[in-house]
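Heads up, there are several structures right after this.
Look at the two complexes coming up: chain A is in both, with chain B in one and chain C in the other.
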Partner chain A sequence: MTGVRRRLDAALPLLAIWVPVLISIVYVVGFTLYTVWISFTPSTLLPDYGWVGLRNYSAILATRNWQIAANNMAIYGFCFLLLTTALGLSLAVLIDQKLRGENVFRTIFLYPLAVSFVVTGVVWGWLLNPGIGIQKLVVGLGWTDFRFDWLVDRDRALYCIVLAGAWQASGFAMALFLAGLRSVDADLMKAAQIDGAGPLRTYRRVILPSIWPIFIAVFVILLQFAIKTFDLAMALTGGGPGIATVLPSIVVYDFMFQRGLLGRGSAAAVLLLLMLLAVLLPYAVFRRWQHVRNARNA
Partner chain B sequence: MRSTRIAVYLLVTVLTAIYLLPLLVVALNSLRTTQEIFANGMIGLPRALSFGNFADAWSGLCIAEHCTGIRSYMLNSFLMTLPATILSTFFGALLGYAISLWRFRGDLWVFGLITLGVFLPEQMKLVPWVLVLRDLGLYNSVGGLILIHVVQGISFTTLFCRNYYIGIPPELVKAARIDGAGFFRIFWRIVLPLSPPILIVTIIWQFTGIWNEYLYGVTFASGEHQPVTAALIALAVTVSEAPQYGVQSAAVLIAAAPTLFVYLLGGKYFMRGLTAGAVK
Partner chain C sequence: MTPIRRRSLLAASGTALLSQAAPRLARAEGKPRVTVITQWSAGSDGAAITALGDLFTKAGGDWQHNPVPGFTTDMMNKLRAQILSGDPPAVSQLKGPEIAAWSKIAPTVNLDADVAAAGYEKVVAPELIKLHKPFGHWISLPLQVYRINSIWISRKAADKVGVTALPKTWAEYNAIGEKMAKAGIQPVANGGTKWDNGMIWEIALSGISPAAYRKAVMELDAATLRGPEVLAAFEQTRKMSLWMDPNTASQHYSTFIPKFMKGDAGMLLMGGWVQGVYKKAGYQYSDYMTGPAPQDNGRPAFDLNADAFIFWQRKEPEFTAGQHLLAKLVMEKDTQKMYSGITGSLPVRTDMDLSDPAFSDAQREASASLGAAVKDDQAVLSLAHNMAQPNQITAAMIDVLTEFVTDHSITPQKGQARLAEAVDNVR
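Coming up: the complex of A and B.
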């Protein structure tokens, strides 16, 4: 009896550690490899383990949907990054002015992050809808020529996703920048002020350059955020008008579950992963370099 | 100097109004009738308060073919989010402790691999999940979504907890081991009592993330088994011919309320998990 008990005592921690660990490893490594494999097969509605080489990739890359999605990704990624960083930085600098009620402002600028993209998309869809939203309001106030109908404009609907995305994510950028601003050496700021630099100049010449690693972190996080965008676009534009605002994540979903082409969809998913790696791998190298440099300086 | 201060406050006030606008619009419209919204637009004050929208949204609204409101979808979301949050946090704490304090052969490799899961896009896991859920008979069920969110969540929770536990002096655990305390005894008696700060952060982020998730919800559940995020989009499609903005606003507000409530309650902890949590 005691022998069994003791053996159980020894085995239990191993079980408790290794069962979830193995499940996680299968999930991270196994699932990824499986999707990569499927992307090289002719799978349609069900997995089919033949081999078609890169045919799914060339087929996906040749579709109009993917080409539009990739193009949209570049525009959306760039604009979203620019607008969100600019907003986040402005908010952080404003809050950094020792505002009374700082906590209240911070809470308000950050609350969108607690709301789901679906809610954000639906609500911004209403605000940007020319028939009932901002355009209607301004027209009602007397500017009868006012037009703000980007949401139903093929060439501009993508920027609606940028707006809603920036509204949701800029509080996050603000929080990171604010933490950076608060960590800047007070002596550095005093020295700049003694030299006669005004507040704007102090920010531009002294404070912002000294927090450049935060800019890189914000860029990387926002970019991977942009690459993964799915819910927001589905709720706001559904990829439309037509397919004007499709993004790579929507193409994956479309091929996998609407057209029932698992091989093609998986190839699109792998392409999405490659985009993500193109952002994250250089960042990992950068972090490593930073780490080594800090260790050497210490 | 004085005028700059005033300008700063003015600017912050304007920005505050812009950030609050969507929430305000939804809250006000949840009290207006659809006819009034059609006539005067989305942005405006209610002429007369109509609280009927909430009752309609809760139990009368038609989503796809079911005219039972969002009540059952809210219930699905709770039934999915609460167990998945608790289980993933528990396993994350256990693994975080095993990796940082108990230590075992290859623990850092295991940690590296598991946390890679934080960065992988959901799209890479859709096809394998289809097969796993089908083989387990969990397709189109809340149980399947719980499984997905627990497995996916372990990556985040392990990362959170491990990074917190490396701050606990290892001597504490070493001394306990010399005294003959086992893996679980140390976990319950030493590690968990030190954990509330990180567990609150983890629970808040898991709850928010799982509640707000959409892709898995719409892919692996259909009809009345869907969580409320998927139901909101299905609702928008259902009523696209004749939108019911008042009732829809009430539905949106109800669906957003749990995570907003958690955010207001635990804002400080929400901030602490920010960098790691936002990587999702």
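Coming up: the complex of A and C.
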């Protein structure tokens, strides 16, 4: 009896870890493979296991929606990466100045990450709406010529998503950069100071170059953030004005659920996955290379 | 410590399982029963379906409603999952051509005998019969009807420019619009969602020619899509798009109702459900004027939107009994009066007496126009509200229309060409 119990007690932690892990693997890998399969079938409302080859892919790639979405993705990804990195780095460098109340600032800047994307989208949607938000406020204060109507401008609405996204994610970038800055050897900074380098020069020439792997990590995390953006755009612009700000994830949702074309939607989802892999695979290779190199140096 | 915890865990999960099973055990055997999935959880929609459930319970049935709040697509995902797992609800919400499409993926209940017994087919608009009897058998029943082509004019805006009557034609509408624009009132009240944009074009076309609407939108006739009526609808839509609030972004139209009531925006084209929004915001019948949207041929026309129930086949006899009981109730005059009285919609039956105080003048007028439009063959099905086409075609058309409304650089000719092209691609 006690033997059984002891064995059970020993097995319990393993069970607690492995069962969820296995379930997650089945969910993630299993359903990914299932989606890939569906993307080669003529499925509409329900899965249908015929075979249509690449027809869903050519159909999706030919739609205006996907073309606009792919174009938007490139612009959004680039701008979001640039703005978020710049903001995150600046915040990190400022906080790195051994401020009093550093923890308070860190919490404030990291806080947006705790807010759901839908809430961010809705709140920024109100703020950026020229008839309700910032523009109305400033005009009401007397600057009647003030215009800030990007949200309703077809060519600029996408940048509103960039703004809201950067607001949300720059705190996260800051945390990563700050960890990097703190890991820089103090002797290195002292040496730079003794050699007569000012603070700006120390950062530019000594500190930042020595934390370049952090930059790569931030880029990769932010890019996969950007590619997966869905709820933020849905809540902020809804893909509009018209369909000017649709993103690939919105196209997936639209075809799968709105139009009831599971095959087409899955094809779009697989294309989205390929985009993610295009970012993550090189990073994995890079990490492997880094690992091998470190091992050799040690 | 550990064994105790383990035991209490087991006990807790056991009780949880039991407490779930208990209501199932308690349910009387053989009592007519339905499980229902809809998206109607709150507001007047939620109140109406709860009242219907009470009616069903009073008639001796066991009513089990599982609302899936949010978008219609969320409700459909739940329905899809249940069908896939072989456990469809006895009844679910579904509308328009999706009834025919979904009826192909799982067996439905044949309601022909129930409909015949109630003599229902004679009192339902023929357009609706086609949708709810898709392959020659009744498998679904319309629950309530809304007129899409209704116009609402802000009383304050009307007073400011001296408008006392509703515009009967688009020319009159445009004349009022110009007056309002001159007086500094934004002539068109609108929201920024896709369907809102699509609906404005739809009301324009059905107001120019219901016959052309039927051919172009419902039958996707290539020649009509490239014809003069559709072009005229694009021209009218362009005119209205320039009179819209440029700052709607993706906001729902109801956000701008206070502005409309204040008289800062003049005319709203919207289905009858907007009365629920007015009521909730505390506005009175005297705050606005309402009636049918402009109709160039001068005869009553009706752009139909209808919510419906589809009945899914279940083996259990208590479900079958429940389905027939619910079907009987839904077709009854009293039920329809109760339901539409709560939601502000119109009863499906065209033979109802709406003099009851549960109805407003707006509902009476719209209901009368449904009967008249059916007689005159001027009742058509709404595109933007998923009545005219299956979702994939609707979505492709609405994409073109929302782009046209929001991008003023697209000429009406180019908009028309794009629409015809989009239809060719999905046909």
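Going forward, the second predicted complex is superposed on the first by the 275 of 298 C-alpha atoms of A that agree within 3 Å, B and C clash if a C-alpha of one lies under 4 Å from a C-alpha of the other, contacts with A are read in each partner's own complex, and residues count from 1 in each chain.
In this text, contacts are C-beta pairs under 8 Å (C-beta built on N, C-alpha and C of every residue); 3 or more make two chains touch, one makes a residue touch a chain.
No experiment lies behind these values; they were computed from the predicted model shown.
Upon superposition of the two complexes on chain A, a steric clash is found between chain B and chain C.
By the document's definition of touching, both partners, chain B and chain C, reach A:F257. Of the two partner chains, both chain B and chain C are touched by A:I132. By the touch criterion stated above, A:A74 is placed in contact with neither chain B nor chain C. By the touch criterion defined above, A:L82 lies against neither chain B nor chain C after alignment on the C-alpha atoms of chain A.
Legend: residue contacts after superposition of the two complexes on their common chain; A:L15 is shown touching neither chain B nor chain C. In the superposition on chain A, A:L188 contacts neither chain B nor chain C.
Contacts of A:A114 after superposition on the shared chain: chain B is touched, whereas chain C is not. Of the two partners, chain B and chain C, it is B that touches more residues of chain A. In the superposition on chain A, contact of A:I38 is made with chain B only, not with chain C.
With the complexes overlaid on chain A C-alpha atoms, the stretch of chain C that clashes with chain B is 78-86, out of 78-86, 132-140 or 366-374. On chain A, the surface touched by chain B in one complex and the surface touched by chain C in the other have residues 9, 12, 47, 125, 129, 132, 257 in common. On the side of chain A, the complex with chain B involves touching residues 9, 12-13, 16-17, 20-21, 23-25, 27-32, 34-35, 38, 47, 90-91, 94-95, 97, 99, 105, 107-120, 122-127, 129, 132-134, 136-137, 140, 167, 171-172, 175-176, 199, 217, 221, 224-225, 227-228, 230-231, 234-235, 249, 252-253, 256-257, 262, 265-266, 268-270, 272-273, 276, 280. Of all residues in chain B, only 4-5, 8-9, 11-12, 15-16, 19-23, 25-26, 37-38, 40-44, 91, 94-95, 98, 102, 104, 110, 113-114, 116-117, 119-129, 131, 151-152, 154-155, 158, 182-184, 208, 211-215, 219, 229, 232-233, 236, 245, 248, 252, 255-256, 259-260, 262-264, 267, 270-271, 274-275, 278-279 touch chain A in the complex they form. In the complex of the two chains, the chain A residues touching chain C come out as 5, 9, 12, 44-47, 64-65, 125, 128-132, 149, 151-152, 154, 236-244, 254, 257-261.
If you check the complex, the residues on chain C that touch chain A are 2-3, 6, 73, 76-77, 80, 83-84, 98, 101-102, 105, 192-194, 197, 245-251, 390-392, 395, 399, 402-407.
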